[in-house]
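Below: one structure in structure tokens.
As written, the chain order gives the labels A, B, C and D, with residue 1 at the start of each chain.
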Amino acid sequence: MIHFYNVSKFYENQTAIRNITFSVEKGEMAFITGKSGAGKSTLLKLIYVAEKPDEGKISIAGWETDKLKESSIPFLRRNIGIVFQDFRLLDNKNVFDNVALTLRIRGVDENEVKTRVFDALKMVTLRHKTGSFPKTLSGGEQQMVVIARAIVGEPTILLADEPTGNLDPDTAAGIIRVFKEINAKGITILIATHNRELFRNTGRRVIRLDTGNFVGEEAG
Amino acid sequence: MFLSYSFRLAMQSIWREKWINLLSVLTIAAGLLIITLALFSIYNINLATKKLPEKFSIMLYLKDGLSDQDIGNITAALMKDNAVEKVKYIPKDEAIKELRGVIKDADYILEGLNENPLPASIELKLKQKYFDPSTVKRLASDIKRIKGVDEVEFGEQFLTSIHSIKTGVQTLGILLIAILSAGIIFVCYSTVKILFYRKKEEIETLKLLGATRGFIRAPFVIEGGLLGGAGGFFGMVGALAFYYGLFNRLTLTMPLFKGVVFPFEMFIFLPLVGLFLGITGAIIALGRIRF
Amino acid sequence: MFLSYSFRLAMQSIWREKWINLLSVLTIAAGLLIITLALFSIYNINLATKKLPEKFSIMLYLKDGLSDQDIGNITAALMKDNAVEKVKYIPKDEAIKELRGVIKDADYILEGLNENPLPASIELKLKQKYFDPSTVKRLASDIKRIKGVDEVEFGEQFLTSIHSIKTGVQTLGILLIAILSAGIIFVCYSTVKILFYRKKEEIETLKLLGATRGFIRAPFVIEGGLLGGAGGFFGMVGALAFYYGLFNRLTLTMPLFKGVVFPFEMFIFLPLVGLFLGITGAIIALGRIRF
Amino acid sequence: MIHFYNVSKFYENQTAIRNITFSVEKGEMAFITGKSGAGKSTLLKLIYVAEKPDEGKISIAGWETDKLKESSIPFLRRNIGIVFQDFRLLDNKNVFDNVALTLRIRGVDENEVKTRVFDALKMVTLRHKTGSFPKTLSGGEQQMVVIARAIVGEPTILLADEPTGNLDPDTAAGIIRVFKEINAKGITILIATHNRELFRNTGRRVIRLDTGNFVGEEAG
């Protein structure tokens, strides 16, 4: 599903990713971990083509990203649900409309939008905040809206960047349960996190990065 | 289609930022109103100068003792010229009558004269489009060569001053409209550009969620069109208010303003012009969207 | 003081958003330029109408056989009136000379007349500020009652049309300036308001970090002032370019434009006006800051 | 230093804080914990007067907040350093200028600004990112900039809202060490967090909230 071949990404005065080769297979649920600034977010950005690699090749759900026409990028991204580290909620839309955006972009019928958005909000236990605006939500509530927005489109790949940074351990465990349910339906999931609790005793694959380098794999 | 959603989005965005959008609409309206008033002024000044050639004439003073045949020949020769609109023969009798009119109170001076001392003459009117100093001069020298014509007279100074008024108004008019048009397009552009700047983050997010270019553009284009259209509508309301509230009243007290024509089509098209400018501005402001 | 830091902030903010700010500056410049041109036109049209009263006169035709003493009395009576600027006595001899000038070619008609049939007359010129139809009519009926005056004549139609041109130009002028001034203040206001909207988050953060109202306001006021001042400066450049590049050339080819006066002070003050408008707009746009 | 007497805060359809009374004494370092939406951020907002209580009285560093003139609020806030949960970094300023803002607002001399900002950035190990803009930093790096901005003003009270949500455990432990150093200088510190690791075995006071209610105190 996700294949990196000798991929590197450099910023002006910084190496974010150095010569990384790895694959995540269809239906897998894997973790990326590493210190702050290790390159976790950059790696995810390469997957959803928000950044282009300076070296190497990337293939996502069968699309070779270097051969991708610019106008096809939206259609690649429609296969991917993303939990952004910085949330990226639209302040001028309420919770419902923020989550619905994923579906409306795809031109989904409004009735279906309604049922699917409410289902997704139920999954993250946020149905009571449907009409609230992001600025009036607590940090953890905002993070759950982002998760709902990522899963509502029923993507084939789910990327989550520090999805529990603002959640208490119980809620975080609940989110991981949701991820496992989704994963059980065959969706490939890749989670970048510092939180060892998330992958401890899951038996899932954990990829460890250090200042852009691949430093090992383990089972959580 | 996502258009109904885009439309809803645009309406929401307009409503959410209603004050800033009201500002934009009013700016566009003011711009369109000023452009309308300028066009209106130019249109009318042009109309007024167009009437001036009617008042201008070339006078041919004829030699004494020409037969009707001779006069017919002269008239025919004159009518051949493209530039000539109308030819009017004024016999000696009429000339003296006119002179009597001019000296009014003292017309008894003319009494007791046995012979009419004034020559017969022909008054020439020119066609609208040939009304310029060079044509008139050419014509005058041509006419002088016609047999039987004694002298040719025309208000040379009047002619040149009318001509410079006309070209002056046209030049200034075009200039003014150019400046104002640039101004209004600029306002539309910057309104939408500002809208775009304001939504930069939102656009980034939409891209990352898999939105196509069309989906991203649509609400902006609709919003730009709505703002421009509303601006045009209010501009029209302003122009109509100007016409009915002020101008009609001016006409009552000042005869100078009678005969001024209002091109009503211009008003009806204002909202359409606004719509067009708004959409154009939006498209220019959005530029090329890169993923 | 934090002012040097505020100034640096304003400069940074202007530079960081240089394109949007260039747009603002150009909008302000265009607005000020149009206002300048409007003021300039009105100023000159007014100047031109001011010269018209010189060409207007009231004619008094006197009875025959008045002594020099009588004429002196009449002249003195006329000079007493506030509205009268100049009185000119035209004796019978001169009147006939003038008539000869009028009928030119036919002046031999007048030869052989024993007696001069024309009356002596007095030409009255009015002071600038009394030049209006009601004063003239009042004056004319007063004069008619003076002993020795036979008849009073004045171009009533000319008078009313001149008067309506003057009031028309003034009314339209004031109206135009009002619309344009509102427009330019509006542009300044909305420019700063947009700036303010754009920095809403930043202002929130500054408040939470313990910034005082003055600290928050200062960069905006400086930025508004700089934008307005720059707009005024470019407006001035535009106006000067208009004057030297276009107007001077027009004058060469079109005598109509000779005698047009350029109020240079207006140009020099444009950057100051821009500065003032920018600062005012910024202060209005910021409104009351609440913690 | 911080005193709450029967304080409540209600939002339209939500009770954020219900009848809470507690004190944090000068020089103390305490934690607030509780589930997502429990009212932790609201409690901190009441301290820095971003929200006003609907009931009860609050006294901060000797100022009675209900008697505070609006024009005095900035001067109260200058005693408080805040690590915001949503960072509140200015995107158009680089790291140095973001951190310097705290000092420039107070009219501190530019030379002093320079030394103090560099010192603060050294404390959070971010000296090499001085000229970077927030959008080019990793999530953890951004969080460290916020921490530097909060401590650079040498406040008498330091409030931190989920200060380690985006930090790996090692970096998080480093930040807590920095907080302890600052606390040792007599500065009062109040930290809202989900992260039990932060207060486990510190022996510091932990205040526990649940949907706006005070549900107990313990030693970490």
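Brief remarks on what is shown
Note that contacts are C-beta pairs under 8 Å (C-beta built on N, C-alpha and C of every residue); 3 or more make two chains touch, one makes a residue touch a chain.
Given the structure is predicted, the values throughout are model-derived calculations rather than measurements.
Taking each chain's centre as the mean of its CA atoms, C is the chain most distant from chain A. Per-chain Cα centroids separate chain B from chain C by 23 Å. Separation between the centroids of chain A and chain D, computed from CA atoms only, is 29 Å. Averaging Cα coordinates per chain places chain A and chain C 68 Å apart. In terms of inter-chain touching, the protein chains here make up one closed cycle, each touching precisely two others.
Working note: touching chain pairs come out as A-B, A-D, B-C, C-D. Chain A meets chain D in the complex at residues 11, 33-37, 40-41, 85-86, 136, 138-141, 144, 161-162, 165-172, 194, 196.
Every residue of chain B that touches chain C in the complex is listed here, in rising order: 17, 20, 23-24, 26-27, 30-31, 33-34, 37, 99, 102-103, 105-106, 108-110, 113, 117-118, 160-161, 164-165, 167-168, 171, 175-176, 179-180, 182-183, 186-187, 189-190, 193-194, 197-198, 246, 250, 253-257. Within the complex formed with chain A, the chain B residues making contact are 1-2, 5, 13, 16, 201-202, 204-213, 215, 290-291. Against chain B, the residues of chain A that register as touching in their complex are 48-50, 70-71, 73-78, 80, 82, 84, 88, 90, 92, 101-102, 104-107, 149, 153.
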